[in-house]
Amino acid sequence: MNFNSYSLTKIAKEDKDTTYDLFFGPNHPGMHGNFGYVLDMVGTEINSVRPNAGQLHRGFEKLMEQRGWVQNLTLVPRICVMDPDPNEVAYCMSVERIMGVEIPERAKYLRTITLEMSRLTAYLLAIGGFGGTLGHYTPTHWSTADRDLIMDMFEWLTGGRVYHIYNIPGGVRSDAPEGFFDKLLEVMDALEARLPDYDSILFENPIVHKRLKGLGYVSKEDARKTGLSGPNLRASGNAYDVRKDVPYAAYPYLDFEIITQEGGDALTRALQIRLEYEQTINLIRQAVKKIPEGDVRLNLGLLGNLKVQAGEAYEKVESSKGEFGYYIVSDGGTKPYRVSVRGPSLPAGFLWAQKHLPTMKIDDVAAWMGSLSICPPDFDK
Amino acid sequence: MFNINSLEQQDNQDKLWDKVINYFRKRSLWMLHYCTGCGAMELPPVMTSRWDMERFGIGPMATPRQADILLITGYSSVRTMKRIIRTYEQMPEPKWVLAFGSCTVNGGMYWDSYNVINNLGEYIPVDITIAGCMPRPEAILDSMLKLMDMIQAGEAKAFRKYKENYAYYKANQDRLFMERGPVLESAALRYVHEETEGGEA
Amino acid sequence: MNRITVETLLQDLASRGLNGEKISEQQIKVFASKDNFVNHLHYLQTIGFEHLANINGVDYIAENEFEVVYQVYSYEHKIHIVFKVRIPREKPVILTVVTLWEQAQFYEQEVHEFYGIYFEGNKDLSHLFLENWNDLPPLRKDFNTEEFSEKLFGSKRHGGGK
Amino acid sequence: MAIGDKSISAPLTAIKSLFKKPVTVRYPDEVLEVFPEKGVSPRFRGVHTNDLAKCVGCGSCERICPVNAIYMELPEGKEDVKKEYRPVIDYGRCCFCAFCVDVCPTVSLKMSREYDFTTSATMEMRDGEEVKFVIDEFMFRPTNEREDNIGYVTGKKMKVLG
């Protein structure tokens, strides 16, 4: 950083009036969602940062207390637009835990398949985000088109492209249509065949390596202590994955290893997504192979006026961004007494922003944000 | 306040060369790249190769000062609304507003939320509204094509309404943004904590 | 460190004066009093419960109490603890845990914003999400969101139909 | 597996995309061709359709609707008894979750594969104050009109919500 070209920054540091506030977002092409940071800048260097959240606040937790148990399923996927299914599944699992019911095997597999498909869409979007934030738009165009292949499959399975509302307490809403699994495997093959292309233009691109290396370093201990989760945690060398540690859906029956990497910087996190992408394709193939015949839904009576006995439970699901947790309190009525959502992005979006950004230049903020896969809707709620 | 005659007068002023201008205008639209809500999720497929809106000459633009179309992609919270209005007023005329999804019409999913506005049309004028939660990419393209037709025919003139009825819009906006007292009477129940000296024992 | 099970953990906590209940094989709930819960959380942190997933409030209006719930998890023992602290509704003040977990700062700001609970020792309890807000904290049970929306945004219960 | 940086010319492999079939769907000249039928998926949750002869006006859809979008209306010239009422859907509210289709006891309410419901807004000033923004145009009275293009439907056997 001892470049002469930064002399402006040096002069500016001595002059008080040259610090200025820069609104990075919400209306900024590098920003992931309707969110912003107010950066206190000197030249191109960041002095301090203030998160400017709340543009996406809809009061979900209050609204869920106003609607019935099943009606809430239309609200929960909207908490994370990029990866909606973990919300549905976590909500349903919490309700099922309070009711003390076990869903049929086939439903478990169908849930797993939708979860993993949803993870793929989120990873593809993240790959596109990496490209876009580094000014390299080819991966963005490719990955968005590839993501649509999975969206088509979702549309066929559930009837909706983005919001599926497929999981329901007691199982899933309907069985897969005829020919769905064959087509799904074809799509998986096509996506896997695309991986070398992504490698050569993005993940093995020396420019990308130079830009991302050492950016936003998170140490192993810090990652555990500050509540990071998901790929961010594993990229710092912690072998923690909800799918393995607190198994849910059909994950206990599937064969997979937790992928960890040492490194903890933006590059490692990008490669983490790349590696887990491959694992996800593998998981879908396994699930399609092993899926048993049978019912897809428990008969819980009239779900429209479902009553859940008094109790409480916290259930979590591994989403593409980390741990999504739903803490539900029931008082035995037709509506939840309290639903509290744990979104995975808050530690990264608020805490790590205040730690990382003051050491950075403005050019790196978007790339840093993409690497921590910060998704504003899940902490704005 | 709302004078229908002034609109007609302006319409009569449209000459032949306006039609030519309209033709070129509709073939080169810049869409402001501001995702206000979840509907923005369907924009990447529309913007990139799958549905490719550049076939119609529509491209994304990062700054409001150079944009023609403002997309309101879904619900807007009070804070977003403030930013939408600032953005809208920064855009040069002619400008058009597309409202996505049910949330912009009658509150949608969030009709009883304490932080989401119900009807976008009360705060800024809207040209086209698309139902759906969220609308498909095809529906988005349809609405864009419809907007292009409207521009050609000289019908998309909501931005003029904004100027003519500014007092009405401003009053609605102020209701949200100006310093106001509590809305509900229950606010009196609030607990205000006073820090005790030396903290609690 | 050896992995501990839910049963041994419950015994251990009982010997320290904490009542608990089992929810599932990997999940328990624990009730603590507002005076010394920070010490208990600190103890839990030292035996491996280092992941604070969330802090949230619950409004038990019938019992005239707020509850602050700390979601704590251990990567080693693979046990989740729902750690509950009750505070009176008239004077909702509780000690902060920012010294234990840094991210608690934002969770506490959020709980303060939505419930009006004060965290003693937390330096910054400014609003994160709401702007120009003069009403009751919105997640309290006595705040009526439908009435609020009707008055400020003109919403109608039955849509445009009726 | 190791991913290291390669030569700077590796990104040039992208050039081979020039010789592939483009992925672009040239809407409106082309439609999707991924499903057994052309166009959107056979289960698509689009605009509602209601078999008016089968509908018994039970109001199940009105009760399940999570957003109060549906209300029962008496068509003109009909006797005021419950079974003559028919649902009206407010598309300014509807979230296309299809719970109403799931609960329909006679399978009369279905969803079609049509998704286009675009309106150019109209604004009416009444006494210089009141605004009537598209809401009326978004009140939709489903009929048999789209019966030949059925999308999401729950058969009697597949009753999901009972």
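By letter and in written order, the chains are A, B, C and D; residue numbering begins at 1 in each of them.
The rule we apply is simple: contacts are C-beta pairs under 8 Å (C-beta built on N, C-alpha and C of every residue); 3 or more make two chains touch, one makes a residue touch a chain.
Just so it is clear, the model here is predicted, and its values are computed rather than measured.
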item	value
Chain pair, C-D or B-C, that carries the greater number of C-beta contacts	B-C
Whole-Å gap separating chain C and chain D, where each centre is the average of the chain's CA atoms	39
Centre-to-centre distance between chain C and chain B (centres being mean Cα positions), rounded to whole Å	37
Interchain centroid distance [CA atoms averaged], chain A/chain D, Å	27
Chain centre separation in whole Å, for chain C relative to chain A (CA means)	23
Sequence positions of chain C contacting 2 or more other chains	129-131, 138, 143, 145-146, 159-160
Overlap residues in chain A, where contacts from two or more other chains coincide	54, 57, 59, 62-63, 66, 74-75, 142, 145, 148, 163
Residues of chain D engaged with two or more neighbouring chains	23, 40, 66-68, 90, 92-93, 95-96, 135, 138
Chain contact topology (line, ring, star, complete or other)	complete
Chain C to chain B touching residues, read off their complex	90-93, 95, 116, 118, 120-121, 129-132, 134-138, 142-149, 151-156, 159-160
Partner chain C, residues of chain B touching it in the complex	78-79, 82, 106-107, 111-119, 122, 175-177, 179-184, 186-187, 189-191, 193, 195, 199-200
In the complex, chain B residues that touch chain D	1-2, 49-52, 55, 99, 102, 105-109, 111, 119-122, 125-133, 135-139, 141-143, 145-146, 150, 155-156, 158, 161, 165, 168
In the complex with chain C, residue positions of chain A that touch it	51, 53-54, 57, 59, 61-63, 66, 97, 224-227, 229, 238, 240, 245-246, 312-314, 316, 323, 325, 327, 329, 337-338, 340, 342, 346-347, 350-351, 379-380
Interface residues, chain D side, partner chain C - complex	68-69, 71, 73, 88, 90, 92-93, 135-136, 138-139
